[in-house]
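Here subunit A shows up in two complexes: once beside subunit B, once beside subunit C.
Let's turn to the complex of A and B:
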């Protein structure tokens, strides 16, 4: 098992390098002149000033050199600073990452729990009323766009009922108490959860149905095992294998969903930072965000791989035999 | 004949299909006595396996309906609740099915299946369960039994899986063993092995068995009496030798004629292996 994890982690290194190259490349290829935008436009800058600023920022070097320097600095935790106001990128991105992890982490946990529970309830009684209601909810969750639901929730709960705050992570000028922070999380979490839950429920539902008709479940029932043992040791470990893979693989969807939700609710996370930076051509922030998001995605896949291997002895044994 | 362990009277099983109702088992009656082996023979789709599922209470109540009476040891199994069934399934009526590899949970070792069954039925600790498992595996002449306990079904051959499944059924000391197509998915050598093993266990343990198969060679070898099924009905029943030698029903004659190459083949390989 340890060996399996080590192999997987080794495989992640080239992926991360590729990500860094992509992050660097895409941002370099983006239109717009960052040096000129410092002064508010190319017409406000002399050619000499332009060359001097370019030189100071290292933007006049060949691209491979720029990449090499950038990567070396990234690895040391020096992610540069804002092209405009000099804020250190590492700290800003880290703070945004904290907020994003809080939001995505809560939603991910809730999705896994409710996805398994609702999917099992639907799949274990196919075509029942319970199944119809849950599957209907899953289909609805697929169909509703997050920005629309977010706005609707704001209209109802913030504007209409005045129950919950509509934006930010804490009341401005407030004490930042736990209750205040939690209240600010409710609507973003609800929006992201409700619009992302559908596929998870559907997946658990169908794999529970498949597993229930498997020969080993019938054989286990024929041995007179209790329902509890059947569900916990025979049905769930098998039914959840595709779910765990999907929970890892779908992390990009969740994160991109969070981008929209963060924007709607002005949640100070990576998504909002990314969109703001893209609009103001803050390349260092953009690169930082891309690297962090891609790393999260790769980490999600790695985690899913390891969990699936832990649950699936066939995979575990075949790797041990290598 | 001694007292019967299983007595089935007028059993009907209907499946609700999109196109209407399919009567899989139509007014079937038979008894199984202690230490007796009854063979149920017939082509696939003749309703043989539905009888096995009805005996184990495993027919899905949402899309099937069972009528008639099914008695085990004088106790009616019809309308039994889930807790009542748990005392019957595995503990009183054991079962092995076809495709033995698929009968083991792929995420658990062979030994863990025994552990679960022994814990739930006898409250045995892990250590005691291992001792019992080893005994059971040795009873079915499992080679390298200790190794098999820690193996997964996908690491064993089909024949070894069926041996393990038999041991798993017998470890709970049932009064009746249902063998539903026990050799159907196995290669020829494993078929012969399992058939011989079943015959040996039968004489060793004095087990009552219900052998359900389309393989008349297997039934001829194991069963004292045979019931021939066709389209959900029992068309002929009697002592195996008599039915095979002097079939009275037209369908039985047809079935015997169709199976002759297969039955001579299996009896030939059987003698070949004993020699």
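Let's turn to the complex of A and C:
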């Protein structure tokens, strides 16, 4: 098992490098002069000043050198500071990450539980009315843009009924009580849950369906085992193995789904920070967000791989080449 | 006689998926719904009210007989604007996926037919690209340039081709092991002939399924980026732009400014997904038998 994990981690390193290269490359390819934008435009800067600032920021070096320096600084935790107001990138990104993990963590837990329950309910009674309703809901959740559902929930529950807050993570100037914070989470969590649940339900449904018709389940049923034992010992463990991979692999979908939802609800997470930085061309923040999100995603994949290998010895051996 | 029968049978076989698609209840419903939406957005703006006619007397009016979807903050008729917006959104969606099909198709062919080390390398790259969240990728591309319709289509294509590449590559590798492909190689057909006569026709069906579903995802992506002001320039109505400019009005109570453009997106994507489901079932004889 250790050997398997080591191989997988070794495979992750080039992935991380590639991601960092991509983040660096796209931002470098951007038009616009970050040095000139510091002063509000090229016309506000003398050529000598421009050269001096470029030199101070290391922007006059060849690109591979800039990349190497940037990577070395990133690894040391020095992520630079805002080009405009000097806020340290690492701290701002870390703070936003905390808020994002809170939101996505709650949604993820809820999604996994509801996904398993609804998927099981649908898959254990194929073509029934129950199945039709649940599958219909799943199909709909694929088609609804998350940010639009968020807007509609705001329109109904905040603007219309005045029940729940529409933006932020706590009431401004409030005491920041737990109830207040929870109230601010309700709408973003509901939005994400309703729009991201579809694939989870579908996966559990089809794999429960397949497992139910498998020979070993029929054999177990023939032996007269109770339905409870059947479900808990035979059906769920087998039906959920693909689900575990998916739960790890789906992290990018969930994080990117949360991006625009954070924006709509002004939730102070990574997504909002990223979109704000994209709009105001704050390159250091953009790069910081890209690196954090992609690292999370790759870590999620790695975790899923290891979990599945732990559950399925066959896979472990074939991967380690034993 | 036997010759007649065999041509009849082969024609029948070719027709079957289309028959199956039309007999697939949900797919038929989706096809009709999409047809209506496409026709409305092509021809609607010519017959209905002027989507650009601002009127100070009708600012932010709720839906009524004269303005089915209400009016926006400049008093323009939202029904006409949603129809016009559909034109652009669907154009962008289809165009983006066509580019993605070419990109992904080429990548998949090279990876599927090339030597093993190249295939390995290209799949590793694909996995890494797939691990970057779509929205992150698309926003990065869009944030580094000025908004424009062509640029947006290319950006959506650049984040959508990976699924196509994977399907093409997998199907290629499976087909290369089949007897009829081996026979064709043995009888001396070149790479081009192989691809054009044997590989592409056999990949077409699974490819069509992926492309159909991708168009739906492209519509959602267009809406998201335009909503964030990172897509189509704000002066051109698209479903995403209408949502972006309607947000402020909606926050002060004008719910119709965001309800209808959003519903249009949902309906279009649902219709496209139903067609995709139908195509998938039609392409799979085992499922077709169950219908």
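The rule is short, and it goes like this: the second predicted complex is superposed on the first by the 317 of 322 C-alpha atoms of A that agree within 3 Å, B and C clash if a C-alpha of one lies under 4 Å from a C-alpha of the other, contacts with A are read in each partner's own complex, and residues count from 1 in each chain.
We take it that contacts are C-beta pairs under 8 Å (C-beta built on N, C-alpha and C of every residue); 3 or more make two chains touch, one makes a residue touch a chain.
Since the model is a prediction, treat every value here as computed from it, not as a measurement.
The superposed arrangement places subunit B and subunit C next to each other on subunit A without a clash. By the touch criterion defined above, A:246 lies against neither subunit B nor subunit C after alignment on the C-alpha atoms of chain A. The superposition of the two structures on chain A yields an angle of 80 degrees at the Cα centre of subunit A, opening toward subunit B and subunit C, reported in steps of 10. Between subunit B and subunit C, it is C that contacts the larger number of residues in subunit A. Look at A:219: by the touch rule set out above, it reaches subunit B but stays clear of subunit C. Of the two partner chains placed by superposition, A:267 touches none, neither subunit B nor subunit C.
Of the two partner chains, subunit B is the only one that A:233 touches; subunit C does not reach it. Once chain A of one complex is fitted onto chain A of the other, the partner contacts of A:311 are limited to subunit B, with no touch recorded for subunit C.
When both complexes are overlaid on chain A, the residue A:147 reaches subunit C alone and has no touch with subunit B. Distance between subunit B and subunit C in the overlay is 8 Å (nearest C-alpha pair, rounded to whole angstrom).
Chain contact summary for the complex, subunit A toward subunit B: residues 214-216, 218-227, 229, 233-234, 237-238, 311-314, 317.
Those residues of subunit A that touch subunit C in the shared complex are 14-15, 18-19, 22-23, 26-27, 29-31, 139-140, 142-145, 147-148, 151-152, 154-155, 159-160, 166, 252-253, 255-257, 259-260, 263, 274-275, 278-279, 281, 286, 289-290, 293-294, 297-298, 301. Subunit C meets subunit A in the complex at residues 124-125, 127-128, 130-136, 139-145, 216, 220, 223-224, 227-230, 243, 247, 250-253, 255, 258-259, 262, 265-266, 269-270, 273-274.
Of all the residues in subunit B, the ones that touch subunit A in their complex are 56, 58, 82, 85-91, 94-95, 97, 99, 102-109, 112-113, 116-117, 120-121, 152, 154-155, 165, 168-169, 172.
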